[in-house]
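Below are structures written as structure tokens.
Heads up, the next two complexes both have chain A, just with different partners, chain B and then chain C.
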Partner chain A sequence: MSCENSSCSASNGEPTATRSAAPMWIIVAALVILFVGGYYFDQHSGWFDPKVYAPYASGEKLSAYQPQSGEAAALAKGKAVYESVCGICHGSDGLGKPGQAPALAGSEWVVAKGFNRLAHIPLAGVNGPIQVAGKDWNMAMAAMGAALPDDSLAAVLTYIRGSWGNKASAVSADDIKKIRASMGGASVPCSCDQLKAMPE
Partner chain B sequence: MKTGVSIFTTAFVALGASWLSLVYAPFQQLGGAKQTIVLQSTDIYPLQRTGEATLGAQVYRANGCAACHSQQVRQRDVATEITLTDLGVHKPVDFADFVKSLSELPELALYKNSLNANLKDWNGGLPKTLWRGTDKDIAAEMADRLKSVGVKSETRIVATGVDIARGWGSRQSVAADYLYDTPVQLGSLRAGPDLANIGVRAPDVNWQLQHLYAPRSLVKNSTMPAFRYLFTVQKIGAQPAPEALVLPKEFEPADGFEVVPTAEAKELAAYLVSLKSNVPLYEAPFTPIIPTK
Partner chain C sequence: MNPTENKTFCASEIDASCRVPLLALFGGAALWLVAGLALGTAAVMTFHKPDMFADCPFLTFGRAQAAANDLLLYGFAMPAALGVMLWIFSRLSQSPLALPIVPVAAAHLWHLGVLIGTVAILTGESTGQTWLEYPRVAAVLLFAAFLLIAITAVATFGLRKARELFPSHWFLFAALLWFPWIYSTANLLLPFNHLPRGVVQPIIGWWFANNLIFVWLTLVGVGVAFYFLPKISGRPLTGYGYALFGFLTLVFFGSWVGIPQSAPVPAWLPTVSSVAAALAILPVLALALVVKKSACGAGVSCKGGPFCFIKFGMLGFVVSSVLYVSEFCPRYARVLDFTWFNFGVTQWQLLGFATMIFCGAIYEILPRVMEKDLPFPKLAKVSFFLLASGVLLYVLPLIIGGVEQGMKLHHANVPFAEASAVALKFLRISTTGQLLILLGALCLLLNIFVMTIHWKIGLLKQLIAAVTAPLESTEVKL
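Up next, the complex of A and B:
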């Protein structure tokens, strides 16, 4: 007896392989596993970098553990201080924010040959009209740096003088100490004219 | 066979994928490995072994040393350690109180117990390890606070893990350590200690030779077999041979005889003292302890 109807093939006749769609839940489960695996891979593999071994999860984490020379360490510290103290208004890109704070990138106050005037700004604060990089500002900045230790302030000034295209000399903690001493504890915000009256 | 093509394709893809991931990808990753520079120096690492030591690697292989010895230091994590070196004007007791007050700060509260435990039985001796932890930023913050009160401290990066605690190395083994090994003899069983840094622990060739001839003359409870066939016991001639082993009494051969290493024993010893992987590298950084004179 021939069996032309496939419904009877299970009971008699040769079994044949037929194609059938995979159930939806398998496809969904496979995609979920793929996603979790991909996420884990991204977080932990270091992307096949031959230099990255466990316990370092990525090249960035590994480079954070590299011993830094004096200059690099100061810059890294300056960046950290900048981002927690200054960057909120001046922007982490140093371009300033309209209505909040002028740009530091390309500012003549920042890249001046000497840093005496520049150091007075965070140590005493600024008040009143001031021109920065061709733009007029009339605002007040509090003495944000007065509470920072000498080396942190030196690091952050070094950082802003050497970042975003600025190329000016570094500032040392001793320099800050001297400037702080010369101010004699005064914390009255300077005006632009007062700053200009100081040596560079 | 209707499904022949799909079986072939499936098998080809499966084998091809394993070839890609087990052969091709590792070759892309490490096939071009070259010598590197030791961190914070201009020294090149690793250096090619001497000819004698290169031959010794084959003696090591022939005698199945890798069956009982691994050459691979494992590392669990990396920690930052703060060591006090100078208290300045502070007294140890005041200082302990200061640290206690620090540990009340919200960002350091997590470390309160470990800080207090470290200072509990401190008699004021320096240098003193104040803290060890995996959070680098917290360590930097602590160092900053110590600095601001005039206390000098050193921050060191240390590798941690059981192998490192056993003194088998300062950091984990990485691919660069095996650059000149053909074949790489990693070993998988540790009936004996790991040998990745045996040249650091026992840099004396004579110690290695004596240990090969009579392990228990140097390490009392050693389970290592004595490799006596790598040595010749010969009658002392007109003068004793200059390279004859100096052995303790109970391991000496009969009167009038001396133990002389064969060329193979000397090569093996040269290979063993060449096993050193204790320098910091970019991929395995740590702060080396510079010996004070």
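Up next, the complex of A and C:
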């Protein structure tokens, strides 16, 4: 049956749509959301790193929380010990405090080739006049490091010898152990002359 | 050129070709809708009277709620959408349905699949994956039935005479391709083979749920609405550019949404999901503008008629989509996760958007296809008001209650049990809404069934008349 007979109505009432272009404002809105979304993605996604989960947002932030090993670990540990034991007087910037403690940054005692004399300072303490980086001090420093374990003390010495522009060699826990043994348990603060009498 | 290709068909001829497939699809769909709503009501009884079904394992919350959701989607929304789609395609092609017997068989396969799946869930044989609960047999049946109907739809699409496509074509054709893709992928990866382990499993689940509920339902719902709004109002669809923009951005950005902010997965997944959700506002906005331009001032006084259904459904689409997208905004997600909010939004998408649109479409199509008025036209109008008020009563308390629950969950001094109990008073209201929706669905079912029975009696009468008719005198040659 087709529509040749006039009794049936052709299905010509189908809906139509007049063609028109998408308006500019919505395309601009799309671009704005894409831009903001891209920034949000950059800030929060960790760039597809499968190890990064919320609330962390990047691999770098995540690794800052990881336990470290090797030289970096020693430095991080040294920094932590320094700030809780030494930094109170010597300053967390290593510049010392006037009338209280000399600077460690640029101190000839700290950056000397060997660390034997340096290690004696926290292990035994210092007493009497001493010259540090061209300034005269009259010191009364207790044996602040005597109670620290070997590896902590080694880490602190490594830290102060390698920070704030100092560039001297690292100190190992074994070295500290040997120096401690050579002192034979003596904990009388050294004078400047005693320190100078020791090998470097 | 084949001379038959130039033939023009009349509307009644096109409608008649759809009659049997559409009755098969819609009849079963309406039955599943009623069953799904009834099961959903039974499921929430847990919150009102916990011991009501305590001795009945079939109706425990986990089983009944899953079966109800699947019935609303696979039982009602999908066959209804497919039936409406077949009719729209043959109308737009100005040609009778190609291969009309195929969708009839497919409809029966589909309903069989839904039956098997529902029974399996209720007896505890569900696969345990959200929206993929149906066991393998049922999933294969659904997939095959969908493909068969899709083939019919594509064949009918191929019969069209005008080269230019109507916006509904894009949406509905995309939906035909979208579902087989996501359903086969998700089924093969999750319940069939359990290939991925651990973190990947929920990611696939969220991807599928989003593509099914947000993308697929939007494609079919909007595609159907874009056909009926101009059809009923008798004016052309305005805002072609918005429709095209909305379609492309929906297909492009919509499928990236879905990973919740609280998901225990690498940070880039929820982040991408949030960005995509922000972009998915655009298609919602664009499609809403098309509806506004086409529906407002159309001068159609619907009074509960199909136009009302479509308008209410599209309003539901806009609001539920905006709420859905807000679930992926990190600031709100922290409060809304693990509350009734998400459930309420999903129900709004299913019932307030898809079901409203398809009910309206069915009420509009049925009288045309059957060449007969609805048996209870007043009930059809009543069902609009029942469904509309029911949907609002059902979902709004869940959404508001979800927000309150979320705030309490975030409050350090409020114990967990108290935060959960906040939702109870809201659930009491929402169950009333569910009952209203159920009544509305019963009106639809009654109309379709009485119509089918009338039609079958008519067929029978014709048959009897043909058998008992006296032979014409010209044939009796003595």
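As a convention for this text, the second predicted complex is superposed on the first by the 137 of 200 C-alpha atoms of A that agree within 3 Å, B and C clash if a C-alpha of one lies under 4 Å from a C-alpha of the other, contacts with A are read in each partner's own complex, and residues count from 1 in each chain.
Methods note: contacts are C-beta pairs under 8 Å (C-beta built on N, C-alpha and C of every residue); 3 or more make two chains touch, one makes a residue touch a chain.
What you are looking at is a predicted structure, and each value in this text was computed from that prediction instead of being measured.
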Contacts of A:Ala64 with chain B and chain C, given as first, second, both or neither: first
First (chain B), second (chain C), both or neither touched by A:Pro15: second
Which superposed partner A:Asp193 touches (first chain B, second chain C, both, neither): neither
Touching partner for A:Glu83 - first (chain B), second (chain C), both, neither: neither
Chain B versus chain C as contact partner of A:Pro149, first or second or both or neither: first
Which superposed partner A:Ser45 touches (first chain B, second chain C, both, neither): second
Partner chain in contact with A:Pro23 - chain B first, chain C second, else both or neither: second
Which of chain B and chain C A:Tyr53 touches, first, second, both or neither: both
If touched residues of chain A are counted for chain B and for chain C, the larger one: C
Overlap of the chain B and chain C footprints on chain A, listed as residue numbers: 17, 48, 50-54, 56
Footprint of chain A on chain B - complex, ascending: 3, 25, 28-30, 33, 39-40, 75-78, 136, 144, 147-148, 157, 172, 174-175, 280, 282-285, 287
Complex contact set, residues of chain A against chain C: 1-3, 8-23, 26-27, 29-30, 33-34, 36-38, 40-41, 44-54, 56-57
Chain A - residues contacting chain B, complex: 17, 48, 50-56, 62, 64-67, 69, 149, 151-152
Contact footprint of chain A on chain C as seen in their complex: 7-14, 91-92, 94, 166-167, 227, 229-231, 234, 236-245, 249, 261, 264-268, 270-272, 274-275, 278-279, 281-282, 285-286
